[in-house]
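Both of the next two complexes hold subunit A, though its partner changes from subunit B to subunit C.
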Partner chain A sequence: MALFVQLLLNTLQISASYILFSLGLTLIFGVMKVINFAHGEFFGLCLLLISVLVPLLTANQLPLASAYALAAIVAMIATLILGAVLYQFAFKKFQRDMIGSFVMSVGLSLLLEGLFLQFFGGVPVKLPDLIPGNIRFLGGAITTQRLVLTGVSIVIAISMCWLIASTKLGKALRAVAEDYEAATLQGIPYRRIALYGFLLATFLAAIAGALLSPLTVISASVGSDYLMKGFIAIVIGGLGSIPGSIIGSVLIAVIESVGGYYFDPSWATLGMFVITMLVLLIRPKGIMGNG
Partner chain B sequence: MGESSLASFVQKSSKSLSILAALLALTIGASTGSSFAASVLMWIAINILMAASFRFVQLIGELNFAIAGFVGIGAYVSGLVNVKLGWSFFLALVLSAGAAGVISFIFGYITLKAKGPYFLLISFAFTEALRMIYTKIDYIGGNSGMIGLFPPAFLTDYYAMFVVAVVIAGLVILHQLEKSDFGKVLIAIRNNDAIVQTVGINVHITKVWCVVISSLIAGLCGALMAHANNVISPGDFSFLLAVYVLAYIKVGGESHIAGAVVGATVLTLLAQVALGFGPFEHIFYGAAIVISVLLMPNGLIGLFQKRVSKHG
Partner chain C sequence: MKLFSKLLISAALGLSIAHTASAQEVIKLGISAPMSGSAAVWGLGMDWAAKQAADQVNKSGGVTVGGKKYKFEIVTYDNKYNAAEGTKVAQNLVNRDKIKYIVGGIGTAPIQALQSLSEKNNVIIFISAWGKSLKGKEFPLTFTQSNTPFEILGPLYKYVLAKHANVKTVALINANDASGKEVELVSQQVWADLGVKVISSSFYERGTTQFQPIAAKLTEQKPDAIDMGVAPPADAGMILKELGVLGWNGVKVLPVGTSATQLVQIGGDAANGTYMGYAGDYASSLATPMQQDLNKGMLANFKEPLNPLQVSSYDSVMALKAAMETSNSLDPKVIAQTLPKIIFETSYGKTVFGSEAIYGVPQQMQVPIMITQVQDGKMVELARVIPEELKTRLAAGK
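Our next item is the complex of A and B:
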C-alpha cells in the first residue's frame, strides 16, 4: 500500500510537468502544423535565467520566496520575448510546413543550446529549496514543495484545458487546428491566432520551467531531456490533440516512475520507446489522432 | 528556371561529381599515412556518404533521424567482430552493414506505417533508445565504449584511400539507384503515394526497402568511422549526429546528390576551424541549418543552379 501510494505520488508529480510541457508542443502543432524542436529551449531559458537571478537576488538581501517570484516573472517575460522573436523571424515563414519547420527548429534548438552553454556555463546548478519539509501521506512521502508545485501545475493544466475548451480564444485555436481554411472563412484572423497559440505554448513551457526551478538540477541541456519525453507523449497521444497530450504525458509518467522504481531510469526510457512503437503499430496516428 | 536547364544541370553535375571524387582521391593519395590531413579527408568522405544515405530516404519524402542509430549499429558490430572476436576487418565491414540492414528492415516495417512527423519523431526516439542500450551493456564497454579498433596492418598506410574508394563506390550505387526505375518509384511515392498504390506497386514495402538500402550504407559508414577514429562511445551516435547530417544536406542542397558532397565537405572543413571552442560547435551547426533554411532553401547547389540558369 505504502509503495503504491508512493508510486502514485511520483507519477502525479512527474506527469504534472510533462503535461504542461507537451500541451505547448501539441498546441503549436495543432494551430501552426509546426513541430517545434526548440520548445525545450524556451523551458531551458526560463530555468537558466531563474538559476542566475535567484542567487543574485538573495545575495542582495531579498527573502528567498520573493527572490523566486521576481526571478520567475523576469524569466517568463524574457522567454515570451524570445518566443515572439522566433515566431516573427522564423516560425512565421514555415507555418503549415511540417518538415521545413522541423528542420529549422532543429537548427534553432542547437544554436540556442550552444548560446546557453556559452552564456550560462556548463556547470549544473541546484537552487535552494523554496519550501522545506516533508509530508507523509498514507505511508508515502513527498517533499512539501513538490506537493505544492505539483498542485499548482495541475491547477494551471486544468485552467489551460478550460481556456482551450470554453473561451473565445480557445475556440478560435481549436477551429484553426481543425481546418484553418474554414476557420479563416468564418472570420477568424489566422495570423493573429497563430501568434497567440505560439505565445501561449511558449508561456506554458516557461511556467513549467518556473515551477520546476526549485526541484531539478539546471544545466544548459535541461530542455533536451524534457523534449524527447514531450515528443513521445504527443506521438502516443496523437499530434495536435489536447486530451491526447494529457493521456500520453500520464502514460510516460507512469512508465517513468514505476519502471524507474523496479528497474532503472534508462530502461524506463527504453520502455517508453517500445510502447510508442506498439501504439504506432496499432494506431499510426496516436491514440487520439484521427484520420 | 526552365525544366530543360535543370535537366542539363543534372547531367553536368553528375560529371562534376566524378571530377570532385577524383580530385578527392588525388588529394588523399598525396597525403597517405596517419597525418592530420588524411584524417580530415576521411571524415569528409564518411560524412559525405552519411549525408547521401540520409538524402536517399528523403527521396520518399521522409526525414530519417534513425540514420545515427544505424551508423552506431555499424560501428558497434564492427567493433564487436573485429576487437572482441578477432575476425577479419573485411568481414566486420560486411557484417556491420548487414546488421544495420536487418535491423532497419524490422524498424522500417513497423515505423513506415506512420509517415511525416510521426516517422521523424519515432526515428529520432529510435536513435536515442539505441544510444541508451549501448550504455547499459558492459560487454561492449557501457558508457566508455570500445577502444583499439584498427584497420588491418597492410591497410594502415592506405586506410584513408580505402575509405575514399568505398565512399565513392557507395555514392555511385546510390546515384545509380536514384536514376533507376526503383528511384523513380521512390520519388513518385514522395509526390503522391496514393497514385503509386493504384498502379499496383506496394508502397509500404518499397519504402521499407528504401530505408534498408540507406541503412546498409549507414552501417558501412559506421564501420569505416569506427576504424578511422579507433575508438567508439555511445555519445558518438546520439541524435546530434543525425542533426549534423541534416545540416550537411541543408547547406549543400537536397535536389541532387552533389548537394551531399558539397554540404559535407564545406561544413566538415569549416567545423575543423570551429572545433576546440567548445559550445561553438553547437552554435556553428545550428546557425548553418538556420541560415541555409532561411536564406538558401535549395542549398549551395541551389545557388549554383540559379547562376547556371541565368547564364545559360
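Our next item is the complex of A and C:
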C-alpha cells in the first residue's frame, strides 16, 4: 500500500510539472502551427530572473513569500515582453510554416541559452523552500510545496480547458486551430488571435517557471531540460490539443515514476521514446490529435 | 611604379612576419569542460584556476624555451558534459584553433571525443576524466592531473566502513554515460572486495529534473549505504533532498563530491553526513599558501570553495611549464616523454607523474587523497592520504 501511494504521489507531482510546461507548448502549435523550441527559454528566463531577484529582495529584508511574489510578477512581465518582441520580429513571419519556424525557433533557443549563460552564469542555483515541510500520507511522503504545486497545476489545467471550451477567446483559438482560412472568412482576426495565443502560451511558460522556482534547480539550460519531456508529452497527447498535453504529461510521469522504480531511471527515459514511437505508429496525430 | 609595388609587397611581408613572430610568443592552452548545467561549477572553476596559473607564469617572465620567452593564454569551451558537445569542442580546439596543449578536460565522453583527435594531431592533454580506458600505452600524450576512482574509492570506502561497521549493503546510482559506466564497475568491485553487498545499481540521465522516482528506487531494498558515484553536486543535492523526504537516513557516499556548498544549498539538512572523496579543505592549515589564495579567489568569484577538480588545471599548467623548460622543447611528444621523469611544483608542492603499476604507463599525477564529510552544513576534512609512490620519489629526489 505504502509503495502504491508513493508511486502515485511521485506520478502526481511529476505530472504537475510537465502539465504546466506543456500547456503553452501545445497552445502555440494549435494556433500558429509552429513548433516552438524556444518555449523552454521563456520558462528559463522566468526562473533565472526569479533566482536573481529572490536573494536580492530577501537581502533587503523582504519576507521570503513577498520576495517570491514580487520576483514572480517582475519575471513574468519580463518574459511576456520577450515573448511579444520575439513574436513581432520572428514568429509572426513564420506562422503556419513548420520547417521555417522549426529552424528559426531552434536558432532562437540556442541564442537565448547562450545569452542566459552570459548574463546569469552557469552555476546552478536552488532557491529556498517557500513552504517547508513534508506530508506523510498512507505510508507515502511528499513535500508540502510540491503538493501545493500539484493542486495549482490542476486548477490551471482546468482553467485552460474552460478557457478554450467556453470563452470567446477560446472559441476563436479553436476555430483558428481547426481551419484558419474558414475562421478568417467568418471574421475572426487571425493575426490578433495568433498574437493572443502566443502571449497566452508565453504566460503559461512564465507561470510554470514561477511555480517551479522553489522546487527545481535553476541553471541557464533549465529550459532545454524541461523542453524534451514537454515535447514528448504533446507529441503523445496530440500536437495542439490541451487535453492531449495533459494526458501526455500524465503518461510520461507514469513511465518515469513507475517505470523508473521497477526497471531503471535511464530505462524509463528510453521507455518514453518507445511509447512515443508506438503512439505515432498507431495514432500518428497523437492520442487527442485531430488535425 | 615597379619600385612602389616591391616596397608594398616587402612591407606586407614584413608586417606578416612581425605578426607571426608576435603570435608565436603566446602559447594557447585549451580546456574542454562543462561551463553550464549541473556540473558548471567544475568547469567555471577549472577555467578560473588555469587562468590564475597562466597569469602567475606570465607575470614571472613566462616560459623560457630555446632562449625565447612565451606567454600562456587559456582558451575554454563548454562541453556541456556530453559527447555531442565534447566533439564540437574537440574540433574547435584541435582543428580550428590548432591548440597543441590541453590543460583541462572534464567528462569521460567529451574527453574520448577530444582524444580521438588529440593523439593523432600531436596534442598533449591533461584530463580529470575518471575513465580508466582513457589512459594507457595507446595514449602516450594523455595525462591525468587529479585523482580518479582507482586512487580514491579504496581509501574512501575503507574509511567509511571503519566509521560505520554496520554497513553491509549498498545501493549505487550513477549518471548514464561513459564516466558513470566506468566508475560503477570500479565501485562494484571495491565494495565487494571490502565485503559489502551491492544490492542495486541504477543509472539516470544527465539533465534529469525529477528525482523522486530515483530516490524511491534507491530506498527500495533498504540499503545501509547509498553511493552516488559520479553525480555532480546539483544532481546529488536533489537526490539527497528526495531521500530526506522519504525519511531515509543511512550512510551517504559521494565519491565525486567536490564541495559541500552546492550540496547543502540544494540538499539542505539531508546533505549532512555525506562522505566525499574529491573535496579538500583548502582554507585549512593542511593546504599550501598557494591553495589558500586560490581558495579565497574561488570564494570571491563563485561563492564556492576550491576543489581538487578545479585546482587540477592550475597544476597541469605548472607541470607543462616545467616539462617545456626541462626538455627545452615545445614539441608535445618530447614534453610527454619528459613529464614522467621530472619532479615539478604544483599547488600541493612538489609532485610527480606515476601509477605505472595500475595503468601500464606513468601518466597519473600523484596528489593527496582527501576524505571529507558534510557536518552541520559545512565540509570537514577527515583524512589526507599521501600516495606511497610520491613519498618514495620525493625521498629519492628523482
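Operating definition for what follows: the second predicted complex is superposed on the first by the 288 of 291 C-alpha atoms of A that agree within 3 Å, B and C clash if a C-alpha of one lies under 4 Å from a C-alpha of the other, contacts with A are read in each partner's own complex, and residues count from 1 in each chain.
One rule holds in what follows: a contact is a pair of C-beta atoms (placed from the backbone, for glycine too) under 8 Å apart; a residue touches a chain by one contact, two chains touch by 3 or more.
Only a predicted model underlies this, so the values are computations on that prediction, with no experimental measurement involved.
Asks: Subunit A superposed: clash or fit between subunit B and subunit C?
Replies: Pair status: clash.
Asks: Between subunit B (first) and subunit C (second), which does A:Leu117 come into contact with in this model arrangement: first, second, both, or neither?
Replies: both
Asks: Mind working out whether A:Met277 is in touch with subunit B, subunit C, both or neither, as first, second, both or neither?
Replies: After superposition on chain A, A:Met277 lies in contact with subunit B alone.
Asks: Just subunit B (first), just subunit C (second), both, or neither: which does A:Leu108 touch?
Replies: Touch status of A:Leu108: first partner only.
Asks: Counting only touches as set out at the top, which of subunit B and subunit C does A:Ile35 meet: first, second, both, neither?
Replies: Touch partner of A:Ile35: subunit B, not subunit C.
Asks: After lining up the shared chain so the two structures overlap, which partner does A:Ser266 touch, if you call subunit B first and subunit C second: first, second, both or neither?
Replies: both
Asks: Does the superposition put A:Phe231 against subunit B (first), subunit C (second), both, or neither?
Replies: The first partner, subunit B, only.
Asks: Touching A:Ala90 in the superposition: subunit B (first), subunit C (second), both, neither?
Replies: first
Asks: Quick check on the superposed pair: does A:Lys285 touch subunit B, subunit C, both, or neither? Answer first, second, both or neither.
Replies: Only subunit B; A:Lys285 stays clear of subunit C.
Asks: Which one hits subunit B, of these parts of subunit C: 80-88, 188-196, 260-268 or 350-358?
Replies: 80-88
Asks: Just which bits of subunit A does subunit B share with subunit C as contact spots?
Replies: Overlap of subunit B and subunit C footprints on subunit A: residues 113, 117, 122, 220, 228, 264, 266, 269.
Asks: What does subunit A use to touch subunit C in their complex?
Replies: It is residues 6-7, 9-10, 13-14, 17, 113, 117, 121-126, 129, 134, 141-143, 216-217, 219-222, 224-226, 228-229, 256-257, 260-261, 264-266, 268-269 of subunit A that touch subunit C.
Asks: Show which residues of subunit C lie in contact with subunit A when the two form their complex.
Replies: Touching subunit A from subunit C are residues 34-38, 40-41, 43-44, 78, 80, 176, 202-205, 207-210, 212-214, 216-217, 220, 234, 237-238, 245-247, 262, 265-266, 268, 302-304.
Asks: Can you name the residues of subunit A that touch subunit B in the complex?
Replies: Touching subunit B: residues 29, 35, 90, 93, 98-100, 102-104, 106-115, 117-118, 122, 220, 228, 231-232, 235, 239, 264, 266-267, 269-270, 273, 276-277, 280-281, 284-286 of subunit A.
Asks: In the complex formed with subunit A, which residues of subunit B make contact?
Replies: Residues in contact with subunit A: 61, 63, 110-111, 113-118, 120-122, 124-126, 128-129, 132-133, 135-136, 240, 243, 246-247, 250, 278-290, 293-294, 297.
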